[in-house]
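Listed below are the structures to be examined.
In the two complexes below, chain A is the common chain; its partner is chain B in one and chain C in the other.
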Partner chain A sequence: MENKDWRSPAIGVTPQEYADLVTKETPKPTLVKNLIWAFVVGGLICACAQIMINALKGLGLTAKEASNTATAIVIFFGALLTGFGVYDELVKRAGAGGIVPVSGFANSIVAPALEFKREGFVTGVGARIFTVAGPVLVFGIITSIGAGLCYFLLHR
Partner chain B sequence: MSHKRMGNQTVVMEDPPEIITSYTVVGPMEGQGPLGGTFDRVWKDSLNQEQSWEKAESKMMEDALQGALTLSGIQQDQIDFQIGGDLLNQLISTHFAARSLGFPLIGLYGACSTMALSTALAGMLIDGHFARYVMVGVSSHHDTAERQYRMPTEHGNQRMMSAQWTVTGAASLLLGRSATGIAKINGAHPKVTAATIGRVVDLGVKDTNNMGAAMAPAVADTILNHLQDMKRQPSDYDLILSGDLGEVGWNLVKDILRQSKVKLGDEFADCGRMIYGADQDVHAGASGCGCSGVVFAGDILQKMRLGKLRRVLFVGSGALHSPISCFQGESIPGIGHAVVIET
Partner chain C sequence: MFGMVLPAFIVGGCICVVGQLLMDLTKASFTPAHTLVVFVTGGGILGALGLYRPLIEWGGAGATIPLSGFGYALANGAMEAVQERGFIGIFSGGLEATAIGIATAVLFGYLVALAFNPQG
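Now for the complex of A and B:
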């Protein structure tokens, strides 16, 4: 319940005026720098994966086997670099360039696993390992079900 | 109305309590900053061989309280109250530190304004003759705050330019009734002469990456009320020191007060803009209970003891939200508490 009789604040600025002031004083993201970093780092991760796919195909794997193996390797390095405390430093600069590749997904699972270890394996790691990745999984699975249904109906 | 009250929100001490000693403990990053030399102890790493960051923060507060007590030469059982708080749920840093120290405890939550709020209340307790000696202790820890308010610490994400960096640090004060006969350590004892308890002000900022903007209206409101209550001008102070507004909030307070025809000049500083250097990549500045705590209990009190500052208005700033309230779409209620410190 709002108290209508209260002494109004001493400041004279209205919420609308203040919203304009906040916009004026809040620094803008360093967009160009961020874009370049994201492009270079995201591109490098993908280029490395492509080199691995090509090399694995050269070793006699089928295209599907090669891409699955390369994905697993990128996940492994994402997890490893998270453990060494390097991956968050990389994403700080590269943004989506480090988040969108599958190594970023590995980071989003390994980081809470490390974080909540001290609260126990069940109540900590087990319960909270998907705090970051959970929404991605939930809505990813829902979307894939929708896409699968469309595919089924259109190709019947 | 009591003769100790001035105007709407201000109390004036009749027999101003003294800040007898103070002590600060900080993490490595704070130690490397521009104020590194003003802290009593700098930890080499932010875990300090403890089992968890929460334990480390609690130990930090314990060390800070123990430090100020040892410096004063006052006995542990002479302390009538420990008063203070931290940022963690259920004030665990404060409560676990108090478990070791055994002082009668008053736990306070004022978010990052806790240092100013605790100092004000400690002053009132002593001036009201409810206590002879009171210890104030506050703490914050970057990693405990990250995991409670934001993301797991190793999770990769890009911080906004308006975001602030939670200080790893604990600060303590030992306040006592004046003329207690304690030898003056390092010069004069600064005194708590008045306090203005702030009101919650919320102008609708919802962005948790822009806490300075959320708190600025409350700080400006408290400064205005204080000046009106005390019939003073900003120029009556050598320093008006806000808690942790950071770059964005500090500028916003000046903008808001300009509209009320109050001009803040060089005497207006912010703890959040002082702890880290430009090369430390913290974006808009520092935050946390430890931010205003270690700057006030370190640098500012040292300058006061040496007579470089005579009258300081210290305005702690707090953002009184929780992760739950933010996820539910609530805006961030801000608060500012002011104390006047004089030598």
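Now for the complex of A and C:
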């Protein structure tokens, strides 16, 4: 898009004026908008999962089974919507609201795997699946072992 | 049917707001991968300290669906297994408790990557 008011900053602009110009033209902080998007989208994903849990409990599943099944369903839809290219658009808007739920974890598994598909099904898809999931599992499992060890030392 | 849905919305939304603050108030080199690692580790530590359980009791899916819930399940699984089986539970409990999440994520992730082609 052509900006009619544009002129070269090198002509007739002092460094101070240029700095002011930069401050003026920098996009306004969108933090509050981002936070609202994250809250609403993240909240909605969790609310949908809660409705699934309630429905699954109605079918006779125990609380734990219902919760695990709902998590698996959210993971499934996160992966599927990433395949359709929808989830990445959601993340652009919702930020952490799309990344932090397990559907975002599924997205972080599928997106790099898809991107590197041409490198083959083993070193492409198979390896890239763990680009983000790998670090998450490493830190998660170490934390888990630490928690178990502390519990063992304190209670046994 | 709609019990717990509002608490789930509020707790889930608040946890995601924490994630958004982490992303917006840190440098660009702090990627979504870092955010997820912070959540899984944070959920595990809060779980070990007994601070995450009340969040799940009050917020249901709002606390289990964010990745901090995955961290909680890993830590809590290890502690429960220690209670049942002793020392060996330290290593087996976490992955046992989260096996469904990990297995489905790998399976669905691989199948979707096979079935679709990269966008654009």
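Convention: the second predicted complex is superposed on the first by the 127 of 156 C-alpha atoms of A that agree within 3 Å, B and C clash if a C-alpha of one lies under 4 Å from a C-alpha of the other, contacts with A are read in each partner's own complex, and residues count from 1 in each chain.
Convention: a contact is a pair of C-beta atoms (placed from the backbone, for glycine too) under 8 Å apart; a residue touches a chain by one contact, two chains touch by 3 or more.
If you're wondering where the values come from, they're calculated on a predicted model, not measured in any experiment.
Asker: Check whether A:106 is in contact with chain B, with chain C, with both or with neither, and answer first, second, both or neither.
Answerer: In the superposed model, A:106 contacts chain C only, not chain B.
Asker: Identify the partner contact of A:40: answer first if only chain B is touched, second if only chain C is, both if each is, neither if none is.
Answerer: After superposing on A, A:40 lies in contact with chain C but is clear of chain B.
Asker: If we overlay the two complexes on their shared chain A, which of chain B and chain C does A:18 touch? Say first, second, both or neither.
Answerer: A:18: touches chain B, not chain C.
Asker: More residues of chain A are touched by which chain, chain B or chain C?
Answerer: C
Asker: What is the contact status of A:76 with respect to chain B (first) and chain C (second): first, second, both, or neither?
Answerer: A:76 contacts chain C only, not chain B.
Asker: Going by the contact rule set out at the top, does A:26 touch chain B (first), chain C (second), both, or neither?
Answerer: Only chain B is touched by A:26; chain C is not.
Asker: With both complexes overlaid on chain A, does A:50 touch chain B (first), chain C (second), both or neither?
Answerer: After superposing on A, A:50 lies in contact with chain C but is clear of chain B.
Asker: Using the superposition on chain A described above, determine whether A:85 touches chain B (first), chain C (second), both, or neither.
Answerer: After superposing on A, A:85 lies in contact with both chain B and chain C.
Asker: Do chain B and chain C land on any of the same chain A residues, and which?
Answerer: The answer is residues 34, 82-83, 85, 88, 91, 95, 99, 104, 108, 110, 114-115, 131-132 of chain A.
Asker: Spell out the residues on chain C that touch chain A in their complex, using ranges where they run on.
Answerer: My answer: residues 1-6, 8-24, 32-33, 35-37, 39-41, 44-45, 47-48, 59-62, 64-71, 74-79, 81-83, 86-87, 89-91, 93-95, 98, 100-102, 104-106, 108-120.
Asker: Help me check something: in the complex, which residues belonging to chain B touch chain A?
Answerer: Contacts found on chain B: 8, 51-52, 147, 151-162, 199, 201, 203-205, 210, 213, 217, 220-221, 224-225, 228, 247-248, 251-252, 255-257, 259-260, 284.
Asker: Please name which positions on chain A make contact with chain C in the complex.
Answerer: Where chain A meets chain C, its residues are 31, 34-35, 37-47, 49-55, 58, 67-72, 74-76, 79-80, 82-85, 88, 91, 95-97, 99-106, 108-110, 113-115, 117, 121, 125-126, 129, 131-133, 135-137, 139-141, 143-152, 155-156.
Asker: Going by the contact rule at the top, pick out the chain A residues touching chain B in the complex.
Answerer: Per the stated touch rule, the residues are 7, 9-13, 15, 17-19, 21-22, 25-30, 34, 82-83, 85, 87-88, 90-93, 95, 98-99, 104, 107-108, 110-112, 114-116, 118, 131-132.
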